[in-house]
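Going by the order they are written in, the chains are A, B, C, D, E and F; count residues from 1 in each one.
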Amino acid sequence: MKLLTAIIKPFKLEEVRTALTDLGLEGMTVTEVKGYGRQKGHTEIYRGAEYAVSFLPKIKIEVVVPAAQADKALEVVQTAARTGQIGDGKIFISPIERTVRVRTGESDEAAL
Amino acid sequence: MNEIRSKIGLGIAAVTVLAVTVAPGYAQEAAAPAAAVAVDKTAATAANVDYVFNTLLFLMTGFLVMWMAAGFAMLEAGLVRTKNVAMQCTKNIALYSVAGMMFWLVGYNMMYPGDDWIVADTIGKFLPVTMPDPGSDVANGYSTGSDWFFQMVFCATTASIVSGTLAERIKLWPFLIFVVVLTGLIYPIQGSWEWGAGWLDDMGFSDFAGSTLVHSTGGWAALAGALLLGARAGKYGPDGAVNPMPGSSMPLATLGTFILWLGWFGFNGGSQLALGSLENASAVSKIFVNTNMAAAAGVIVAMVMTQVIYGKVDLTMALNGALAGLVSITAEPLAPAIWQSVIIGGIGGVIVVFTVPLLDKLRVDDVVGAIPVHLFAGIWGTLIVAWTNGDANVIVQATGVAAIGAFVFVSSFVVWAFLKFTIGLRPTLEEETDGLDKAEIGIEAYPEFGQGSQRI
Amino acid sequence: MNEIRSKIGLGIAAVTVLAVTVAPGYAQEAAAPAAAVAVDKTAATAANVDYVFNTLLFLMTGFLVMWMAAGFAMLEAGLVRTKNVAMQCTKNIALYSVAGMMFWLVGYNMMYPGDDWIVADTIGKFLPVTMPDPGSDVANGYSTGSDWFFQMVFCATTASIVSGTLAERIKLWPFLIFVVVLTGLIYPIQGSWEWGAGWLDDMGFSDFAGSTLVHSTGGWAALAGALLLGARAGKYGPDGAVNPMPGSSMPLATLGTFILWLGWFGFNGGSQLALGSLENASAVSKIFVNTNMAAAAGVIVAMVMTQVIYGKVDLTMALNGALAGLVSITAEPLAPAIWQSVIIGGIGGVIVVFTVPLLDKLRVDDVVGAIPVHLFAGIWGTLIVAWTNGDANVIVQATGVAAIGAFVFVSSFVVWAFLKFTIGLRPTLEEETDGLDKAEIGIEAYPEFGQGSQRI
Amino acid sequence: MNEIRSKIGLGIAAVTVLAVTVAPGYAQEAAAPAAAVAVDKTAATAANVDYVFNTLLFLMTGFLVMWMAAGFAMLEAGLVRTKNVAMQCTKNIALYSVAGMMFWLVGYNMMYPGDDWIVADTIGKFLPVTMPDPGSDVANGYSTGSDWFFQMVFCATTASIVSGTLAERIKLWPFLIFVVVLTGLIYPIQGSWEWGAGWLDDMGFSDFAGSTLVHSTGGWAALAGALLLGARAGKYGPDGAVNPMPGSSMPLATLGTFILWLGWFGFNGGSQLALGSLENASAVSKIFVNTNMAAAAGVIVAMVMTQVIYGKVDLTMALNGALAGLVSITAEPLAPAIWQSVIIGGIGGVIVVFTVPLLDKLRVDDVVGAIPVHLFAGIWGTLIVAWTNGDANVIVQATGVAAIGAFVFVSSFVVWAFLKFTIGLRPTLEEETDGLDKAEIGIEAYPEFGQGSQRI
Amino acid sequence: MKLLTAIIKPFKLEEVRTALTDLGLEGMTVTEVKGYGRQKGHTEIYRGAEYAVSFLPKIKIEVVVPAAQADKALEVVQTAARTGQIGDGKIFISPIERTVRVRTGESDEAAL
Amino acid sequence: MKLLTAIIKPFKLEEVRTALTDLGLEGMTVTEVKGYGRQKGHTEIYRGAEYAVSFLPKIKIEVVVPAAQADKALEVVQTAARTGQIGDGKIFISPIERTVRVRTGESDEAAL
């Protein structure tokens, strides 16, 4: 199995969720994060003093998929999350060795 | 031909020699004969100066007490967990609305029946309130509407108290049904015994602004509910453990307490019931001072005690301390010297610090500390009246506390039990776990996840 | 030789036999001839008792209405999304400031021109306000300053209403420029027609405290803006879908509503414009009662209806219900019996529950529900005056509603259109997406990320 | 035989011909001879109309100023970081309580010693306050209790100012000990020089409602503390860098500012000290107007300036601008024409925009901007009195500013230094880093992590 | 070493923490997340319009354990987190190549 | 590529960000987390009853780096995050198999 981690713009969450569901992937976990990249944040002035707002709000989506579906999932996420503007985000794929469903104890792909 | 606001045609019509109305200090000397005098109520302003002052007192202190509804809402919103905050807001605005409705339909005339009792000196008459025509409202030394408003907000306060204790585990509509009975029957019946010139008043019981009539009454109703409702899931461990469930927002709880403190000047000050004489104006002033000092003492005592006992100041106890000080002085805010107010209020703070954990030991789950603050400090305040008010007697005071306590507790218990065994009081465990906001209100208090994750 | 505060030298200088000023119930009998009487205004206190009472009414109810500015700020802060909360706070404190400035420079004298109209009974004079010397302020039955203050906070309320509807998608400065025109010209011109004794007043139109003059006016201005501004990005889907965007904080929205409710006692009560007689004091009292009952009915109706229709109580609808009840009773809070107030306010609640989704169907994006609450309930409240006030006539009432509606809507539309096609009203889509706090204010409402992640 | 509330036995006892008390406009003409007149204080209401009005003014404006304690609490809670919010709430409710206690035990009689000075015209007598019997409170033209209450809330305001500047890095108890000294000695001693009819008053110094006596005093005490305490860890970089530490909640800061603005009508309006005549009622009204306009000007100026200088509106500066406008007009809210109030308040806004960054350049860490708002604008407001009040003289005004400044700064510095070198002022760096809520209060302001992660 | 990532119901956090501690695992990191799976969220009505609350509040626990202890850890987490109801969550195991303790620079299993 | 995950004290975030940027790593994602380890949390008393505050606020930094730079990145993070006090945190390194930049579709190291 693979863990697909996508850092996306927050307002794209719903589209990405729908895209993944359409693919038959019915589970995911999202986290509120802040990101820093090419899109650099900006300087603000607070009470007359400058300060850098380095990090911008992003959403992290984590979805564990059967290895065979990883490429397809990556593709639909990329399509759904894309605006073409800087700061659109990144998708990372990493290995998952084992998965267990807490409720039933089912393992691996059966647990997804 | 309607309102022409400001500058236009608001003239001064006449100059007359003045006849004036006089009323001796009401609260203190209420036995004064009610000699209604037919003064020409539209012709001469000053003839009604006293009337205007008294009415103004009710309106001004009334809106301060009305503001306490917001104070309870904020205090409770701050002391419940995030998942129940919207529910608590809903309950508070709803109960204030229901209290107004019931006090119009039933409560007021049941509480102040004049000579028109169903059971003499015990159960008043049953009649909705109607407002007299403004021009012919001469029966009392103040406007009927202002008095109704002032008394109504007291009734609402009683219901607010219940809301806090039972938070996080009671369904909305059963709670509101209880509020209907509490504000329509329970509160006004017991209130008539004293403020309606019923049997407790005949006995010489003394409760200036309602340590017993309002605060303990709310406390007893809350206690009956808490016993029947049980504690929040997870609050008490099987091994005697107490699991604190800190509230969602200390600044909201603090704001709520400040609102209540402010409102209390109205609560106690307005209970002088008259303003328009040197004596009454001074009495109201003295009440403001004593009220403030009792609250200040409650805060300081709670802070020092929690620092000493626990090694850190407990903010929520300090807030409860302020309120306990206020409740303690409410039965007699006029007679005490300042130093006596400080002691009375300070002991209110002591009561909070000791009885909040005590209730937990007894496994009575009181989310916001309303029972220590309103019931225990209310009893204390009522009994100690005898110290500063020469006309009061501690046995009589205890009788009043016991009588009202028994009546309110039992009748509340019956109503709660009826609700429990009919429509049910508690949401399912899953609903409680998920939070009542989700189960009953359908919106979370802070619904956003991920800044900007809502559509665009 | 200046202030010597308290205890020192504040003596009682003389005892005189009293001559007193008299004013019959103003609001009801405003046709009373304005016979200014030269009383010795420094010599005898009681000679000015009525003057002092009336002035005090304006000051006390005026500060209550001023407090409504905070109510709107909190309500709107709670009902917009987090990314626009600081912007909403900024707009609200700014608009209150601008309203004060404009009502001084232009508004007040344009609204209350006396006999000094530019166009008779239609457009008042153009002149900044100056305060008379306190010692010689005898022209009316109250102090000029107190009246200006009371009328100014009404003007500010009108602007607050607009702010809520257009939230989350309008740039700060264009909005404030609109507020300049609204508070300096649009509001006072239409206001003069009725409260300035202009042509609507001559016709017999009746709007006691401003269901039409204040609330509908704000609502029309908001509606014109909403049409030109368009909905928030993403609010309406291409397929007719409505995408709710829940607000950031239910407790702030609740707090705001309680503040508004409290302030409304000032709004309606102070509109009696006089306190210093039995009749006036009683009238103010009756207004307090009716105001409270209409709001309570609005809450209860909105709660019951959302429970029945949607299966859960909608807190934001209940809050809107309170406000709609208040707006509904504002056109005539004095004449109705309590039960009539309950019905009038309750129907306000019905209006909210039905028209909030209706507006969404029409794709008019009203972030806080100001159009249902202030415009629709304002129209309802104005028309129903004829039911309880024998002097009012439903045709005349409808004429007033239509005339003011047409004037305010058209003139607002022109101003919004001018702004749209010159400096522009809307931020870029990216700015809107990121939130206006970032784009225009430069600080987020809750700027911290990660507790303690700011330097040390 | 106690209270019989409402409807029962509150009669009108007699009709008498009226003798009335008279008092010329106090604040302006305080030199008027204090001719105490023995009127029958219980018999005739109207004989005491003036007394009742003045007392009512103190009570009403007093509760508005009391409400400012909540305003400071919310403003400061909003402007400190999340990890210090509960601490700031605790400090604010505690300091209000302590101020009441000290002003009773020592402050009031030290500030208003009458003829009973320890050092003539410089240090007043040392005596706790006792309240006279309500019926015999005839010495002044108002009730003693109402005056004590009104003056006490001013004393508490002074302490609130200090709390904001020193936030986020001072231990609770040393801070409260300083408050004991400030409210018990420093504030009343300097206050006696002017409002207690001491030497500054003899010189002709003029400070109507306390730009210097209250606001600068708080500011000087805060400045002395800030110098001895040092900046928050990380606030200033080694290379001259200033690291902003944005506050936790803009809506709470906005709410706090609105509360303060509302309270200020009491602060300035009540400082007229009398209401019961045409002249006084009008003066209070004019004060309301000027107070409002100065604040509005402060907001607008701060908004325009931050927009022009920084390219975005700075909300916290706009809020500070409102307060600086209010402080600026406080020394003389009665004499100016409206346009003068606008200029005076607007320059308050300028002061904020320029001196907030200036203080940072000087590495004086003032968390909420209290020094610019209360000290700098307070000095400005006191000096400019000479412009609008013909009786004031700019040299005398400067003398007062300097004398009070020197006394308060030096005495505060000594107290702070004493505390620093005995029990210590600052928490450890680790405690500061973790936040004072954890270190000193034991509960975080928003204690939940993960919605629903607390037990069930 | 292995990274064990558990998505659980929030109110189970304390039990899971205790279970892991009992096993001698004295470090973990938790994150507030929202999840979507078989347990689907629900529809709410806000001001008369329907909207989907797709994600439910969950807690993510991350604990890095010596490879040898991974199975045991997985087991105790599953036991502790289980309610038997839908939405109980998932446990994922993935490889960790290196661990360093910031304070001391200790590496790998010594750093846990 | 490697994923470097660092759990650090919140107030060290800015220093760590600067250190990574100085290394030429121009992207990272941060999350607000709570942690439990040797540094144990503490007991508080709320309204007279004791309760354990088991978790302390931490910041999680995730940065995906080319494999070759992983050691260097680890080193600078450790240096920047270190205070020498207990609770300084941990750094974990795990494998990333694929990276995609959402905006452009660029892959792997080109996507970082």
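By our rule, contacts are C-beta pairs under 8 Å (C-beta built on N, C-alpha and C of every residue); 3 or more make two chains touch, one makes a residue touch a chain.
If you're wondering where the values come from, they're calculated on a predicted model, not measured in any experiment.
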item	value
Those chains which touch chain B and also touch chain A	C, D, E, F
Shortest path length from chain B to chain D (each step joins two touching chains)	1
Interface composition of copies chain E and chain F: same or different, split at half	different
Pair sharing more residue contacts (C-beta pairs) when A-C is set against A-D	A-D
Centroid spacing, where centroids are CA-atom means, of chain D and chain E in whole angstrom	51
Centre-to-centre distance between chain D and chain C (centres being mean Cα positions), rounded to whole Å	30
For chain B paired with chain E, centre-to-centre distance based on mean C-alpha positions, whole Å	46
Residues of chain A engaged with two or more neighbouring chains	11, 14, 30-32, 34, 44-46, 55, 85, 94-95
Sequence positions of chain B contacting 2 or more other chains	17-18, 39, 46-47, 49, 51, 56, 60, 234, 243, 246, 249, 255, 310, 312, 314, 316, 433, 442-444, 449, 451-452, 454-456
Sites on chain A touched by chain F in the complex	2, 6-8, 31-38, 54-55, 58, 60, 74, 77-78, 81-95
Chain D residues within the chain C interface of the complex	17-27, 30-37, 39, 46-47, 49-51, 53-54, 56, 60, 64, 81-83, 112, 114, 140-142, 147, 150-151, 194-197, 201, 204-209, 232-235, 243, 245-251, 253-255, 257-259, 261-262, 265, 269, 271, 273-289, 292-293, 295-297, 299-300, 303, 307, 310, 312-316, 318-319, 322, 334, 337-339, 342, 389, 391-392, 429, 432-435, 444
Touching residues (chain side chain F, partner chain D) in the complex	11, 34, 44-46, 55, 85
Chain C residues touching chain D - in the complex, by the definition given at the top	1-18, 39, 41-49, 51-52, 55-56, 58-60, 62-63, 66-67, 69-70, 73-74, 77-78, 85-86, 89-90, 92-94, 96-98, 100-101, 104, 128-132, 134-135, 137-138, 143-146, 148-149, 152, 172-173, 249, 252, 255, 440-448, 451-452, 454-456
Chain A partner contacts - residues on chain D that touch it in the complex	242-244, 246, 310-312, 314, 316-317, 353, 356-357, 360, 369
